[in-house]
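The structure is given below, and queries will be raised subsequently.
By written order: A, B, C, D and E. Residues from 1 in each chain.
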Amino acid sequence: MTGMEILLLVAFGGVMLTYILGRISSSLRNTFAVVLSLVLVVIIALMYDKTGETIFYRGFFGIPMVLRINSLSWIFAMTISFIGCLSVIFSLDYMKVKERTSFFYAMLLLVNSSMMGIVLAGDLLTLFIFWEIMSWSTFLLISYNGGPAIAAGMKYIVMSFAGSMAMLAGIISIFTAFGTLQISEIAAGMSSASSGFKIFIVIVFGIAFGVKNAIWPFHAWLPQAHAEAPSPFSAVLSGVLIKMGVFGFILTMYVVVGLGTYMSLGGAIFSVRSILLVMGAITILVPTFVALLQDDAKKLLAWSTIAQAGYIMLGIAYGTSLSMAGGVLHFLSHVVFKSLLFMTVGAVEFRTGGIRDLNSLGGLIKKMPFAFTGTLIGVCGLIGVPLTNGFVSKWLIYKSLIFGSPLLTFVALFGTWGTVLYSYKLIHNIFLGQLPEKLKDVENTPLSMKLPMIILSFTVLLFGILPGLPLRVINKIVVSLGFDSLNISLWGIVSESGMLNMINLFAAILAGLIAVWLFLRIGARTIPVKQDDNYAAGAAVPRDRYNYTVKFYDPLLRMISPYLRDIFDTFYMKIADLTGYLSNGIRKIYTGYVGNYVMYIVLFISLMIFVQMKWSPW
Amino acid sequence: MVNPVLLIAVPLGLAFMVPLIDSASRKLTRFVPVAALLFNLILCIRLIPAVLENPIVINLGGFTPPFGINLFVGPLGLLFAGLISLAGLVVSIYSLSYIKNGPVVKYHMLYMLLLTGATGVVLTGDLFNLFVFFEILCISSYALVAYHGDRAGIESSIKYLIQGTVGSGLLLIGIGFIYGIFGTLNMADIAMKIATVEQSTLFVPMILMVAGLGVESAIFPLNAWLPDAHSSAPSSISAILSGIAIEVGLYAVARIVFTVFGISDIYLFFAFLGILTLLIGEMCAFAQSNIKRMLAYSSIGQIGLILFALALATNNTVTGGLFQLVNHTFSKGLLFLSAGYMIYRSGSMEISSLNGMGKRMPLTSLAFTVGAFSLVGLPPFAGFPGKFLIVSGALLKGEMVINILVGLVLLSTVIEGTYFFRVIQALYFKDGNGEQRKQAPATAVTAMIALMILIVALGVYPKFLADFLSSASSDLLDKMSYVGSVLK
Amino acid sequence: MLKQELETMFDNITIRMDKKNQLELSITKDGIMSVLSFLKNKGYDHLHVISCVDWIDDKQLELVYILSAYMKQDVPGETEQLNILLKTRIGRDDPKYITSIALFPAAEPYEREIHEMFGVDFQGHPRLTPLLLERDYDIPPFRKDFDTKQYVDNVFGSVPSVEGEDDS
Amino acid sequence: MHIIEFIFSPLLALLIGVFFLGLARKVMARIQWRYGPPVMQPLIDIIRLLSQKSASHGVAFNIGLVMSLAGSLVITLFLPFGKIAPMSNSGGMLVILYLMLIGPLGMAISSGESANPNASIGISRKLLLAMGYELPFLLVVLALMKAYNTTSITEIVSLQRDTGWSMFTFPLVLSGIAYLLILPAMLGVRPFEVVNAPQEISSGPLVEYGGPYLALATLQHALALFIGISLFVNLMWGGAANPVIFFLKMLVVFFLGIFVNAVFPRLRIDQAIRYLWRWPSLIAFAGLILVCVTGS
Amino acid sequence: MDRNQLKKWFQNPVKMAHKYSLHVVYFCTGCGIIEIPPSITARWDAERFGIIPVATPRQASLFIIAGYVSLKTLRSIIRTYEQMPEPKFTVSLGSCPINGGMYHDSYNTIKHLEKYIPVDGMIAGCMPRPEAIFVGVTHLWTLIDKDMADGYKRYRSNYSAYRANQEKILGKLEWPPLFPIHGEE
């Protein structure tokens, strides 16, 4: 029983046990869930530098189902368990008010364990089985809140189900072509396959992983799903679940299809790589500006997740060692700061009784300082302010992209400024400005929500200042995928074209901060003053009407909103209506009169005989 | 070694004993079908080892095959017999508590007759005998559809009756043709002599017989009766109808096309017909708001898929088709049974009335969810191996046309997923009018749990059924071994 | 031409045409509303201002309505622009009066100002709150008997200067 | 020697920035026919502001301002001033681009905390304006980096020594023109002085800044002016070998900016964005395409 | 910038800074606005003395009240004065704030402004010309030099008296007192 089998056994066993314990007593179940996720984190941490494959099950028509661990799957598994554990801790308080919590915990742990299964899968069949379990358990969790969540859940499941059907077709066509489903053997067989077959495989897997990764054409389901899912789960959903698509892309591009062939796949102009790059670039640009339009905090974050997935896609699809390291590191940093942001927004939603609309919040910094610091650090990570992990990963991506294709770098850099705008709108509308009357008696964030926030903020800064820690593991991945390794030092990269040194930067910024703080201290003491004592041209500050945060970037939005209608969202809706319309039409065949039915039978026979007489095809 | 004839004789005898037992003591009648089917199930299980070596052929009344009637119990026949007895047993346990009011005696008698007819069709080796058992099956199902006696029940059973009789009439004409040409009614004999006759003359009888049996097995143009019959019949009966009756019809069509006629170039047409039925079934189900009609249309869809799998006529796809058939019997049965009690509790068949059922009847909704997930083909449940085999077998053939059809199959699975998930969302995530929690009665729950265990077991460890199914598919496909064992 | 119509229509009305295009009417308190509506229908629908004059010696307050037509052609048959001054007198001690907001919504601020400055109580006025003044006065300030110097002494005089500055 | 440079270059930047502010007011006054304050007037203002005791709106109000000034100070370390370039080896142009984020972000957070609608309108205008000029600016910077095939700014300066000012070398002429067109917006000079407009939104984000805070804000403004001009001189005008010539070049650019400031009225924010996204962006884009085509 | 100027700068830079950088917030009520523009534009140019108009009281150190003060504007004047940072000076232009001036008998204007807020300098004249304003400013310099321009200190020390006067005229003020009023709860 290798570590991997124990891990999956404990994970899936834990799910059953949580549900049963939930029947007995909720506090017992909560502690068990937290302990279980901690144990999972420890098990995976212990499997740090191991690689290996074991066949763990032959029951499925004798096809060997294999579990595999290498540095790539280790880093993904580590993030999944880490974020899963934090979201369980986060949901202790969040779920207290809601009913059917044991169902929620069981599903949350089921999603986490099925993601671990995906990541550890050694062959495509195991991958597909865990992929499907993840899909339908996410569906149950997304539509957990009822009401609008149901439409969001339906849209999610239909798109992801279509994706997994495409994946099934791909897997089975590989099975029929090579007779085996083990990834290592497929990689060997793949080089011999015809390029048409390879393109088909890439397209099919691309659709499946594109839907999950919310790449630009397949992103329609994500905003509603994120906004409606309960906050602890939307932290997992946007942090880690989206990244299963990333894992899938890495798998198909570099392992199944292999590095050499991927780079030259497809024609000169329309090569798969350039299409992916262009899709990644569009995924950065369009959602960033759509995020500006959003008034719901979680929808804004959802659109920003899509945008950041575009960055990761750029990093991975570009195909040099620096860009791959940048892509994986950006995945890691995005998981950390995006779940931090979702948790803080969840805490605000929890404390203000479910208000997520950015126009009716404000001034919460005085009431919820912890949530503010969490959001501030998360936002700095999202933008990529130096000293945060977002900066390091974006720097890596740009460094590799700049000389190859400056246009893509331009799109990515301009996307950063779009990120600045919408993330500032998030932090300004929730925490700064005047505190409205109805939010007067909001208390601070509960303890169980503070803990994950502190840990995640600490990780954002730690990986920002000492990027060597994650980069050492990522270097192993880069090497295992067939690139040449980078020389990593603890605080940055010593690469050929200009190096990154975070410690000097950190020291410089720290010195600057201290100097300016002292300079401020020279000045006379300042008087703390409440929000009413404000300049209002001599008049008294009107209560509750001075909270000017509505339509924050109106001049810009009036210029660009006509271009931002979501054509794909309406496209999918049209397809749904079309099927509905078509099926109503077809149902009319069964008219309800027996005469018609018998006439059908006779018609069938006469048609057959007529065809036989005329052409006798049989 | 027990004589397989008992498989037919015992349920037939007990069926006619039911009124006598009823006059003796009211309570006992409900348990008669359970006993009969339990006996059948045990008998089938004991026959498995014997059948696996070589099929058992019994000549009724001692006459040798070309003249006498013979039973042919091969792995395929036994598979169906076992399936019928198992599903019948579970439904009979379910209907212990479900059927209380109305003519209970007639229900149980007709129920036994229906199952006898089904077992007879599956085991017989003689064409006319097939027609006789087929008639028993149809007539008892006409009557059972009208069991509730309400307006919808009677109307749909009359429609079913008219279509069924037209079908049987065509079947009879077909058999007459064959008898005219070959002078014999024994399938093996006909199969042997088939080569002597010129193919175009054989076409008309084949189409007539296929159309006749097709009406019962719900192939596209002929299945107009199914939605009304299944939705107005009591749930236990619609479970049996879509679980067993259609499958038996399909077996008969397959037996005739494969073994009796064996014209291989018509298979592609049946594949197209199967896909057509699948798409139409799924589309109509998508547009339904009444839960039982939705399940009925989804049965049409599944039958289309199985027909497509059988029509591809390679060992792999036929095994997949049979696996999907077994899965369909169990999960569709589970869906109908659980829907039965939910409708009984909520009062109306509309999906909107099922809102919030997850809280009121948690176990029944769980059963419904498991059934839905397995029918759609999600991994841990029985549907996934079936679909996996069908799709891999189809792609193995490698023809471009088949690949496109497989694409359509996957597309229809997406549609199927949509309307099943819509119902699941209604069950769990829409809040109903909040009556307090009230579970289904004990017998119904045991029936559902049994089916659930079967589904999950098949889903997790499909290997144990796989070898039995592959021998059954080889029994269906190669004509020579069938003829050899009958006319040895 | 309007003169004759007015004379025929209303009995106790006195009409004088002192300036070229200015018509002066004066009427008793209870007839004012009918004249106003008559003039409005005739086309004089623009109420310039309502002002008030305090005739302290004959104990009366005089209200003056100044009306005119927006455009010349609004008023059929009139050749050139005509301003109409409508005067009425009410008692000075408890001046009750009816509001003309129903006919001329623009009258609202004028009536509030007259109420504040002269103490005329307009019945039916939706909001007789103070318009310009900060403090409340016992004698409305614009009345002739309001002695500003004396008011200034006792209000502003009484404010002590801070810490012994010489009171200039 | 290295340590002195670390301390010396930010101080130098501050000094020059404040000198530029004073000079700006003097030149503006001269243009308007009045004597104008002594050139060291900003210094006097800062001393007076520091001695005043003003109101503070909470912790984020302080930290945000401190963060923004610290960010600008760190940028000066990266920008070569003549030969003095203390930190230019640990991270090139990309780090500068990202460090330029901290200034506006810190200012935005602290003035957001001051809970005044004028401040909120001011910040949204500041970020929109930044979005406006970033589009052409990024195109110009990318064209430069593609042309000189390096991301380190000191290398760009040294390469320009032999190929001449990049403003006049062939492929970069378009980028140079575009950079000139957006320079007033980057310096926050009159036609684009939308952010701290005293008349409309009573000096935007600075509405609640009292004594010491206003001192920090003026220093931040001075530094931003210095950074904008020195970046332009380094990238486009070849950045001199010794600091004096560098300072003279900065003076020329500064005077250019002030003349524009003295003459033009203030644009509305959407007019500013529409202008910035029309002609300068087109020229910059053409410049980048030109560089890509000829360069590679 | 002769020698003793430099000596003064080194002795006490803060006082000199206060003198030579008076950022002004103008309260232009009534006829005061007429005199301000000429004093800050080309002909008289107040900026030579470091006097610039600023938008908000927070950034100002000199508060110029130009013209008569009616009851309603007194409320805003008090609020603006209280929002200015601590070392602040007040100068009133015109004779109206001194003793009511032309409106000495009006029921609606304040007669003696220094009873409600401390005024450091008063420049008489029914709107003094810019030269008079600059003379006033130079006097203010000497006051600052001699530490006599201590209006804000007087406001702080006997705030309760000022507050009482304000509430006597304006009734209950709707913002809390700037400094704790001893003797009250």
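By definition in this document, a residue touches a chain if its C-beta (ideal position, glycine included) is under 8 Å from a C-beta of that chain, and two chains touch if they have at least 3 such contacts.
Not measured: the values here are computed from a predicted model.
Novice: Which chains contact both subunit C and subunit E?
Specialist: Under the touch definition, subunit C and subunit E have no mutual neighbours whatsoever.
Novice: Determine the set of chains touching subunit B that also touch subunit C.
Specialist: none
Novice: Which two chains have the most C-beta pairs in contact?
Specialist: Top-ranked chain pair by contact count is A-D.
Novice: If you average the CA coordinates per chain, which chain's centre is most distant from that of subunit C?
Specialist: Following the centroid criterion, the farthest chain would be B.
Novice: Taking CA centroids for every chain, report which one is farthest away from subunit E.
Specialist: Farthest chain from subunit E, going by C-alpha centroids: B.
Novice: Distance between subunit A and subunit C based on Cα centroids, please, to the nearest Å.
Specialist: The separation of the two C-alpha centroids amounts to 73 Å.
Novice: When the centre of a chain is set as the mean of its C-alpha atoms, what distance in Å lies between subunit A and subunit E?
Specialist: Each chain reduced to its C-alpha mean, subunit A and subunit E end up 60 Å apart.
Novice: Taking each chain's centre as its mean C-alpha position, how far apart are subunit C and subunit D in Å?
Specialist: One centre to the other, that is 62 Å.
Novice: Would you kindly tell me how far, in whole Å, the mean C-alpha position of subunit D lies from that of subunit A?
Specialist: 36
Novice: Considering subunit A alone, which of its residues make contact with at least two other chains?
Specialist: Those would be 524, 533, 535, 537.
Novice: Scan subunit E for residues touching two or more other chains and write them down.
Specialist: Residues 56, 58, 83, 86 of subunit E each touch two or more of the other chains.
Novice: Which of the chains touch, listed as pairs?
Specialist: A-B, A-D, A-E, C-E, D-E
Novice: Where on subunit C is subunit E touching in the complex?
Specialist: Going through subunit C, the ones touching subunit E are 133-135, 137, 141, 146, 148-149, 151-152, 155-156, 158-163, 165, 168.
Novice: For a test of understanding, state which residues of subunit D touch subunit A in their complex under the given definition.
Specialist: For this pair, the touching residues of subunit D are 10, 49-60, 62, 65-67, 69-71, 73-74, 77, 87, 89-92, 94-95, 97-99, 101-102, 104-105, 108-109, 112-118, 120-121, 123-124, 127-128, 130-131, 134-135, 138-139, 142-143, 145-146, 149-152, 202, 207-208, 210-213, 215-216, 268-270, 273-274, 288, 291-292.
Novice: Which residues of subunit E touch subunit A in their complex?
Specialist: Spelled out, the residues of subunit E in touch with subunit A are 56-58, 75-77, 79-80, 83, 86, 174-175.
Novice: Name, in rising order, each residue of subunit A that touches subunit B in their complex.
Specialist: Touching subunit B: residues 58-62, 128-130, 132-133, 136, 139-140, 143-146, 149-150, 153-154, 157-158, 161-162, 165-166, 168-169, 172-173, 175-176, 579-580, 582-584, 586-587, 589-590, 592, 594, 596-598, 600-601, 603-605, 608-609, 612, 616-618 of subunit A.
Novice: Quick check: in the complex, which residue numbers of subunit A touch subunit E?
Specialist: Against subunit E, the touching part of subunit A is residues 524, 532-533, 535, 537-540.
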